[in-house]
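Next come two complexes built around subunit A: one with subunit B, the other with subunit C.
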Partner chain A sequence: MLKIFQRLWIVNWAEQWQYRANSLMYLLYWLVSPIVHVAVWTSIANANGSVNGLTANDFVNYYLLLLIVDQFTSNITIHIFAYKVQDGSLSGELVKPIHPMLTNTLITNIAFKTMMLIGFVPVWIFLAVIFKPDFASVTWQGVLLAVPAILLGFIVNFLLSGAVSSIAFWTTRVYSINEFYFALFVLFSGQFVPLQLMPKTIQAIAHYLPFQLQIYFPIQLIQNKLSPAEILQGFLIGFIWLGVVILLFKWVWREGVKRFSAVGA
Partner chain B sequence: MSQETIIVENLSKTYQVPEREGGFGAAVKSFFKRTYTDVKAVQQVNFRITQGEVVGFLGPNGAGKTTTLKMLAGLLHPTGGTANVLGFTPWQLKTDYLRSMTLVMGQRNRLAWDIPAADSFLLAQAIYRLPDDEYKKTYKELDELLELEPLMKKPVRNLSLGERMKCEIAAGLLHRPKVLFLDEPTIGLDITGQARIREFLREYNKRTGATILLTSHYMADVTALCERIIIIHHGQLKYDGSITDLSRRIAPFKLIGVQLGYSNGHDLSRYGEPVQNEEDAEKHYIQVKAEDVTRVTSRMLSELPIHDITIADPPIEDVIERAFNE
Partner chain C sequence: MHTLKVLSALLKINIQMSLAYRADTLINILLNLMWLGWELLSLSIIFNNTSTLGGWGLPELVALLGVFRLVNTLMIALVWPNTEKFNQSIRDGSMDYTILQPVNSMFLTTFSRITIWRAWDLMLAIVLIGVGINMSGDSVTLFQILTFVLLAVSGVIVIYSLWIVLIALTFWFTKFDNNVTIMQALLDSGRYPVTVYPVWLRIIVTYIIPIAVATTVPLQALRGDLTVSRILLFVAIGIASFLVASQVWKAGLKRYSGASS
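Moving on, here comes the complex of A and B:
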């Protein structure tokens, strides 16, 4: 199995390398919104002293950490996978004795991330120089705890995206469903603003949804904002979601493949 | 004793295709209530194929060939009937089944587009868990037959269609499958390319004793390779038997196409039966018995102001229509 992943990596990495300019463009696009947010929130916080208890430095901290966390936990499964169903090229993968989503699509995601990372590191350092964050609250324990949380966040959201993309087996097109999924993600993950700025009800809902595992929970861990009980609860929620999305993905995949009409080919 | 590799019983596939009239009103209506029509792609098909046989699956476009092939490869669930290949039910997509068969569909691709085929080959080695020595041996054999080596290091997208097809087929055979499903393996290739692929498949079958089921709408593919032919038309099995019996049934005709130097006032019906050909409106076509071709063409050449003349086999659609719908 290791050899399969290794060779999948060679193929996927070579392909990413072909599209490096494309990836860089995507990176710039992806950076815009967090940078704008830092700029806006810091100027508001500077003018008012703080916003809901968050200082300008808190915002800089939050968004710079968000860039790192999101870099690791995000996935582009929907963009990779849905078109394979749409144009029928998935046929070629389905007749091979490996799981298309859990091998090839997974590795494509990782290759894409690695390619992004090459452009991301210098940009991040540049931003850190400009915004001069004070990372005083960040400790080693926090960072170490965030590592499994980031991994958990990636797996849960990868499988969830996998299930959402598999809806393509029924509808062929999933882009509008994806928009809806992304809207939920933006609202409940902490992607736009730190969740503590959201109305109490939304915060409460977000706490129990899987989206915050991808952004908010790891950031809170890195920033040492959680009590041991909260940390435990956070991981517990994460593992429950892991179980749920594994079952969900398995079911959607099995039923979806049955329905796959091998379009085109 | 020879074994039955493929057993197909009453296999059927009906697609539900959404349908609506054009126009805004119909679009709104279909939003609330979709209407579907049933398209019977494959109806109650039965056949058995013995190990080592090379069987040609023949029929016009839309006849149900590819649908049947996809069901046998496990990509489609049938709406009725059963199939058994090597003891497996294909659409359960069992790993052991996927390891022992291959499906090659036109351009659709075992090869990653932007990188050299060599990398895709090594990936296949890992996926099918082939030990190095076994892989090298198979690769050497395939290279001998298909001359792959010069193609291996170029990005796949820089290969010609024929070169790509050779690599596609080879990539599908690295794991030495016992059953080969080939969908139009020679489509888009020139005559030499087609001949090479045919030659290769014949040799491969001889060497490995693999069972081959291939679809084509080139008559030549099938006559060159297969002793047995299955004809499917409008989703139904029309013929299953030897190619010699079939040619006895199908009266051999040729199409003669001519481009005339001036006005169209010539009556071609005195040479043969005039037929329509939409693809080539420049020319006038007539259909004559194969044995009369030489006589008729020389008469035409001496009597008519001919600029260009072609002689070809009639399209397989016409042949089948003629043989089975009379």
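Moving on, here comes the complex of A and C:
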């Protein structure tokens, strides 16, 4: 199994390296909105002293940590996998005795992340120099707790994206479904603002949805903002979702592959 | 006159093409409304926590959202589909057929694909601008509205010209597929007044990829922040950028040698 992953890594890394200019453009694209949000919220916090108890520094911390957390927890499964169903090239992967999503697509994601990381590290340092965050609230145990949370966030959202992209087996196109999925993410993950600034009802719902595992929960852990009971509850919700998405993904995949008609074959 | 005739023919073709995907169009309109809902919610979140953003009030940000959506529609309805077609035509040499037509090649390249249903988006943007102006009440004079429209048009022309220059670069560097991604990447900055950004970001989105010229600047005219000489300067920039872009396009076209010959 390890050898299979090694091989897939070599192929996928070579491919990423070939498209490095594309990846850098994507990096730029992905960076702009958090930077805009830092600027907007620090300007508001500076004008009013603080926003709902959050100071300008809290916002700088939040978005700089968001960049790191999102870098690790996000995935591009929907963008790479739906194409393969659409043009039928998935056929070639289905005949191999390995799971296409859990091997090749997973490694493509990791190779993409690695490529992004090469560009991301210097940019992040540049941003840290400019915005001068005071990371006083960040502690070692916070970071150590965040590592499993980030891993959990990645796995849950990877499988969820996998299930969403598998809808392509029925509909061929998933752009609209993907856009809807992304809207839910924007609303419930804490990507726009720290969730405590969202309307109360949205906060209450977001707490029980898997999207905050990808952004808000790990950031709160790193910043040491949660009580032990809240930490426990957060992980509990995360593991329940892990169970749910494993079952969901297995079911959608099994039913989907049966429907796969392999365009062009 | 001739150009208008060609444009109406192009519109007809594009309407026919989009009629093939009616269900798609409906879903897209619904998604578009969903995003509008989100954008208004995000503005309400901001203004629940502050009374002004960089000195601007809620009415001004609603109008700014309208102007932002105007530029965004330009990107999605015109820039992306035509760029894709153009890049393809440089690679496979089908640009030959475009040049052979007895119509201005720059015009034909930039208007041959139009995502028709986005006209809906355009209307929505204009409604938002109207609502924003209405919300500001009596404080807006007719002169300010006129200069706003003038600078919005000239800002869109600046963006259009930048697009021409970016795709014309493909004549020199054939493998320049990312030509407009940089515009799209920085577009999100147009949602908020450029005055809240740190200086380096302000310089980038004002002078290098001038998104702000089409978003913040017209709104400043609406607020009455701009002197007459500033307004004239921005109009001059609009005209100049279009002239420069046409020249770059002509120079680029001379370098085009086809893909097969």
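Note that the second predicted complex is superposed on the first by the 265 of 265 C-alpha atoms of A that agree within 3 Å, B and C clash if a C-alpha of one lies under 4 Å from a C-alpha of the other, contacts with A are read in each partner's own complex, and residues count from 1 in each chain.
By definition in this document, contacts are C-beta pairs under 8 Å (C-beta built on N, C-alpha and C of every residue); 3 or more make two chains touch, one makes a residue touch a chain.
Nothing here was measured: the structure is a model prediction, and the numbers come from that model.
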After lining both complexes up on subunit A, report clash or fit for subunit B versus subunit C.
fit
Based on the superposed arrangement, let me know which partner A:257 touches: subunit B (first), subunit C (second), both, or neither?
first
Considering only C-alpha centres, what angle arises at subunit A between the directions to subunit B and subunit C, nearest 10 degrees?
80
State whether A:198 touches subunit B only (first), subunit C only (second), both chains, or neither.
second
Is A:32 touching anything from subunit B or subunit C once the two structures are fitted on A? First, second, both or neither.
second
Partner chain in contact with A:91 - subunit B first, subunit C second, else both or neither
first
Could you tell me if A:18 is touching subunit B, subunit C, both of them or neither one (first, second, both, neither)?
first
Identify the partner contact of A:6: answer first if only subunit B is touched, second if only subunit C is, both if each is, neither if none is.
first
With the two structures laid over each other on chain A, which partner does A:151 touch: subunit B (first), subunit C (second), both, or neither?
neither
Which value in Å is the smallest Cα separation between subunit B and subunit C when the structures are fitted on chain A?
6
Considering only the defined contacts, which subunit B positions touch subunit A in the complex?
15, 66, 70, 73-77, 91, 93, 95, 98-99, 101-103, 105-106, 108-110, 112, 114-115, 119-120, 122-123, 125-128, 183
Residues of subunit C defined as touching subunit A within the complex
24, 27-28, 31, 34-35, 38, 41-42, 45-46, 49-50, 52-54, 177-178, 181-182, 184-186, 188-189, 191-192, 196-198, 200-201
So in the complex, which bits of subunit A are touching subunit C?
21-22, 25, 28-29, 32-33, 35-36, 39-40, 43-44, 47-48, 51-52, 130, 176, 179-180, 183, 186-187, 192-193, 197-199
The subunit A residues in contact with subunit B across the complex are 3-4, 6-8, 10-11, 14-15, 18-19, 88-89, 91-92, 94-98, 257-262, 265
